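Common to both upcoming complexes is chain A, partnered first by chain B, then by chain C.
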Partner chain A sequence: MPEFWINMGPQHPMTHGLWNMRVKVDGETIVDAEPEIGYLHRGYEKIMEVREFQKNVVLTDRLCYVSSITWSHAYCLAVEKMMGIEVPERGQWIRVLSLELQRVASHLMWLASYGPDLGLLTGLLWALRERELFLDLLQLLTGMRMNQNFPRVGGVRNDVPENFDAMCRRSVGYFLGKLDGYERIFHDSKVFLMRTQGVGKISAADAIDWGVTGPNLRACGINVDLRRLDPYEVYEEVDFEPQVWKGTDGGDSYARFICRFNELRESCRIILEVVEKMPTTGAYRIRQPRRAEGEGFAHTEDSRGEALFYVAGDGDDRPYRVKIRSPVFSTMAATPLLLRGNKLADVVAILGSVDVCVGEMDK
Partner chain B sequence: MSSGSADAAVSAGRPVKGIEQEIRAQLVARFGDRLREAQVVRPQVARIVIDRKDLVEVCTYLKEALAFEHLSCITAVDWKDHFEGIYHVSNWHNGCVVQVTAHIPLDDPRIDSVVPLWNAANYHEREAWDLMGVVYEGHPKLERILLPKDFKFHPLRKDFAQEVDRQYISRRKLKGGK
Partner chain C sequence: MTHTGSQPLVAPNLFEVCKVLTLAILTLVDVILDALGAAIPPLRAPLAGLSDFLFGGFVVTVLTWLIAMTVMLLWATLFNLLTVMWMERKFYSRLQDRYGIMVSIWSLPFWPFNRRDRPTHKGTGYLQNVADGVKLLQKENLTPASADAAMFHISPVLIASSTLMIFVALPWSSGFYVARLEFGLLFVLAAFSLAPLGILIAGWSANNKYTLVGGLRAAAMLMAYAIPMILAVIALTFSTGTLNLFEIVEQQERALFTIGPLSIPAWYLFGPQILGFVVFTVAIVAEMERIPFDIPEAEAELVEGWTTEYSGMRFGIVFGFKWLRMIAGAALIVILYLGGWNGPVFVNLDLGGVLVPILPEEVYFLAKVWILCLFFIWLSWSIPRIRIDQILQIGWKRLVPYALLAILIGAAARVVGL
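Our next item is the complex of A and B:
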């Protein structure tokens, strides 16, 4: 058959946002693919140059509306590195707590969108139901369900509310009990296994070469978790295990699913540990200098991979230049490798397992 | 493709203490005074400043001899009198990050592409060209990526003005005046 291009997007149920996946098919087999991005480009890096350091937190929240705190935290961390200030210990613990709550909420959103991609509508309903638990906790902590505007340069905006540890324990305990049921609907579904196992494979060497990070890289069997490899905040004092694919046949959609799914449990473990170990008194924020000069960068383990912020200042109260490195942007470069050789019907199943967030990809 | 990936699979995923001093010493020993600056910024982070003509050589050494297999990020900064190309490369074995800053003259914004070394550079260089207008020579497909294909400008340059110089709400404005 003659080969031809098909546009999947920009309006397509698969895209979970606005972008276009062009695939070249020979019959039903994909021979080439090319992502077209930029539909959601809002010029963040330029806008941030006219706002003061602290005001940019509002913008970075909206980079990924599913995982706001991890993004504004990465920005604050980079600015702190530039200014040379360090957050008080209690502030760091509160940050870790909010980051992990956000990570669970973000992974549940991914699970909720991945289920319907594969025809498992129950996954959507269950995951969104349980996501409410974590949104409620975030609302208690920050006052917002979305776009929390919580981290600050120099700490966090407010202290944890009274009795928050008990509420965390109750919600997380309830959620952990529910997770077994999740495993059953996904793992016991023959359809799910058929559509994920051995599909969308990428080798470990290719994944590193193309800059794939986060759970997608760990699914290839590579033990890289920046919370461990380049510890920030108080992650060094928290006992947790990065979720890495253990077998030899990793790198497919199934391995990516398992790594992300297991991170839900691991993040819950961190939350429980943090509320146990967190000091009950002390400052959670220090006053930051208004102006700064120099350059700084920070890279953190976002829900989707390595988020890197590079901030340069010229002595004014605004950043001179901000660079946002989005993990999805880099992973998108590697998607043609994931897709080649698979069937057209599997595009949705493969790209769903990558966890695309267009907001951060297009900046 | 990359040589050390088999080792990466068995790496402990833990940082190695003092690695940044060692990496810096190795870079200084190899390149000497071709490095304009070579500092340790903080634990696990080293920073070097080079001229653009040395970029590929330094990056090849970093990747092949020192196993910096992961290219995190490429960006460019417009300092009004010159450009800086900024490269963050990481080593997944010991957690070290090296920030390579390459000086690019303002009137000739060109630098060699590092796509032959890391495929990850492909999108980042396209983005840097799109937004900042630095030409990466040898890049396989240097096209607009985030902005529309017929866009005429490179908006992150400092001579591309924004609507306001500073987002600012005056007290008078808050009280209802102009």
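Our next item is the complex of A and C:
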């Protein structure tokens, strides 16, 4: 059979959104791959130039609707740096709490979609069931399940509700117990190991060269976590361990899976620690100036890697220029490297493990 | 030890039972013909001749065969297929922590069922598959513009007919069968291996890259799994000495050993054939394309595999027949290794010398088949899908050597006299 291209997308069960992965196959083996994006292009950076600073938070929520708070938080951080204002300490604690809740919810969405990618539909329903716990917590905290519009320039929108720490402890404790069930269905499954181990390998040097960040880079055995390397908010005071692949043979789908999976536990630990250490009184927001001039730059540890916002103001009440760096966009550039030489069926197993979010990739 | 096996409900066999039905129909026709002859005197003589012809051996036999085959068809599709589909959909829904299908008779839109005081969507869901079938019938039947239309339309027929062919030779009890073939096992395996050919034709003729890859995968899998399956059957024939499915079941009727009221049956599973059982079961799971081995229609990468281009009821046929193949495969495993219709408890009511079965053979057989189906369903919703090269590796590097080893063990057991 001659080599031919197969379009995996833009409408295909594999794609977690509207994009196209073209793969050139020789029989079942992939000889080349080519990600095609642009189906979802929304012109974020341009739209943000005509809206006021505060109103842009609504937009940044929708960059990745699975992980809204982490994105709107990165934007707010950049704008705050440009304005030169400091968020009150209690506001920072609430931000860390909401960020970690959102990270767990986002990782659970990834886990849910990774199951069907491997043909395990049961994993989808189970992980979505557990995601409800964290969406409920987020709803209590912010009033919304998705697209919360919670971080504000200068703090957060509202205080934590009454008795929220007890609710967090209860939900997280229940969830940590449930995670053992996931280990049985994923870690202990021979078939799962067969499908993930040694598949979609990328070396640490290649990963750095192509701009892969976040859990995908940590899976190559490199200890990068912006919460530790360039701490923002109160992450310095929180005691946690970035989840890095310990062995020498990292960089495959299995290592990415393990790193993300362990981050679920680690984020739960952070949540429990934050509700413990959080000051009970104090302001959670300060008034922000309406107009600003200068440059602001913030990079944070998003659920999928390094999210970067660059905001420039020219003294008006809206940004002069916004630049977004999406971690998935950079990771996508490296996917031909991951895919070449693997089998056709592995396209899904590999792309599922890097956690694609088309919303932020195609900003 | 005296023979205490339970009796079949369909006795002595399906043909004789259907013959009663045929004769009843013919008698009714005869009455009509008589009345017609009495009313119109000139027609009396030819009608009497027709009546004699109808009651002659030929018409009765042909008609009885037709009725017997129809009964088996309806039994397999209307009862077993619907039930197993319902079981699967309900079972995996509960596995996934949700209710699953709920359309029942209370969901029907007309008067006696749809009452205001009854919730319409809180039933058991048995009618959901019927509703889906009706929906598929209403849908347009598309043929892709560049497809090879003849081949594209033939392959569902090939798949459906080859699957239904299995049920001609597949007995459901010592009485409930259509044909008692001397080489029934060979026939069933041959019919089982026909469907991948239809899948290959379907995949190739649709002129779509997804279906093409799916069809070729099916062909590769047929090669890798039909061979260990046949080899496992060869190992079994060392113990059975026959390819007759009825005799194979009869051989498993005796008790292996008895502890008080409980007697452990001498299934072929308990003995030197256990390795062959494992090989055969894995190969059958691959043959019926369920999830660890469902690569011809791996929906993650191939959209819907070789069924992608089918629509309407044609899709319903190629999709629904997967369950029919699962039933046939489970029934084959039950017959060969799990004692067929022999139950562990033999309950007959002795009514003045006539043994009336309280639990007839059909019940035991159906219970075993359905439990095995549930096992396959449970398996396929708990583990991910295996990759094509790994599937072929399992087939060639694991199953074939194990099957050869099973032949060796079977032969050795035969020599020793186990």
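One rule holds in what follows: the second predicted complex is superposed on the first by the 362 of 363 C-alpha atoms of A that agree within 3 Å, B and C clash if a C-alpha of one lies under 4 Å from a C-alpha of the other, contacts with A are read in each partner's own complex, and residues count from 1 in each chain.
As a convention for this text, a residue touches a chain if its C-beta (ideal position, glycine included) is under 8 Å from a C-beta of that chain, and two chains touch if they have at least 3 such contacts.
Just so it is clear, the structure is predicted and the values come from calculations on it, not from any experiment.
Student: Between chain B and chain C, whom does A:201 touch in the aligned arrangement: first, second, both, or neither?
Tutor: The answer is neither, since A:201 touches no partner chain.
Student: I'd like to know which partner A:228 touches here: chain B for first, chain C for second, both or neither.
Tutor: In the superposition, A:228 touches chain B alone.
Student: Between chain B and chain C, which makes contact with more of the residues in chain A?
Tutor: B
Student: Touching A:330, do we find chain B (first), chain C (second), both, or neither?
Tutor: A:330: touches chain B, not chain C.
Student: Have a look at where A:210 lands relative to chain B and chain C in the superposition and call it first, second, both or neither.
Tutor: First partner only, chain B.
Student: Which chain B residues qualify as touching chain A in the complex?
Tutor: 1-2, 5, 8-9, 11-15, 42, 44, 69-73, 75, 77-78, 86, 88, 90, 92, 95, 97, 99, 118-120, 122-124, 127, 131, 144-148, 155-156, 160, 162, 164-167
Student: Sort out for me which residues of chain A touch chain C in the complex.
Tutor: On the chain A side, the touching residues are 1, 4, 6, 8, 12-14, 25, 28, 115-122, 124-126, 129, 185, 189, 191-192, 194-195, 343-348.
Student: Can you list the chain A residues touching chain B in their complex?
Tutor: Contacts found on chain A: 37-38, 41, 43, 45-47, 49-52, 55, 81, 204-206, 208-211, 213, 221-225, 228-231, 242, 244, 297, 299, 306, 308, 310, 312, 318, 320-321, 323, 325, 329-330, 332-333, 362-363.
Student: Can you name the residues of chain C that touch chain A in the complex?
Tutor: 92, 95-98, 209-210, 213, 216, 291-292, 294-295, 298-301, 303, 381-390
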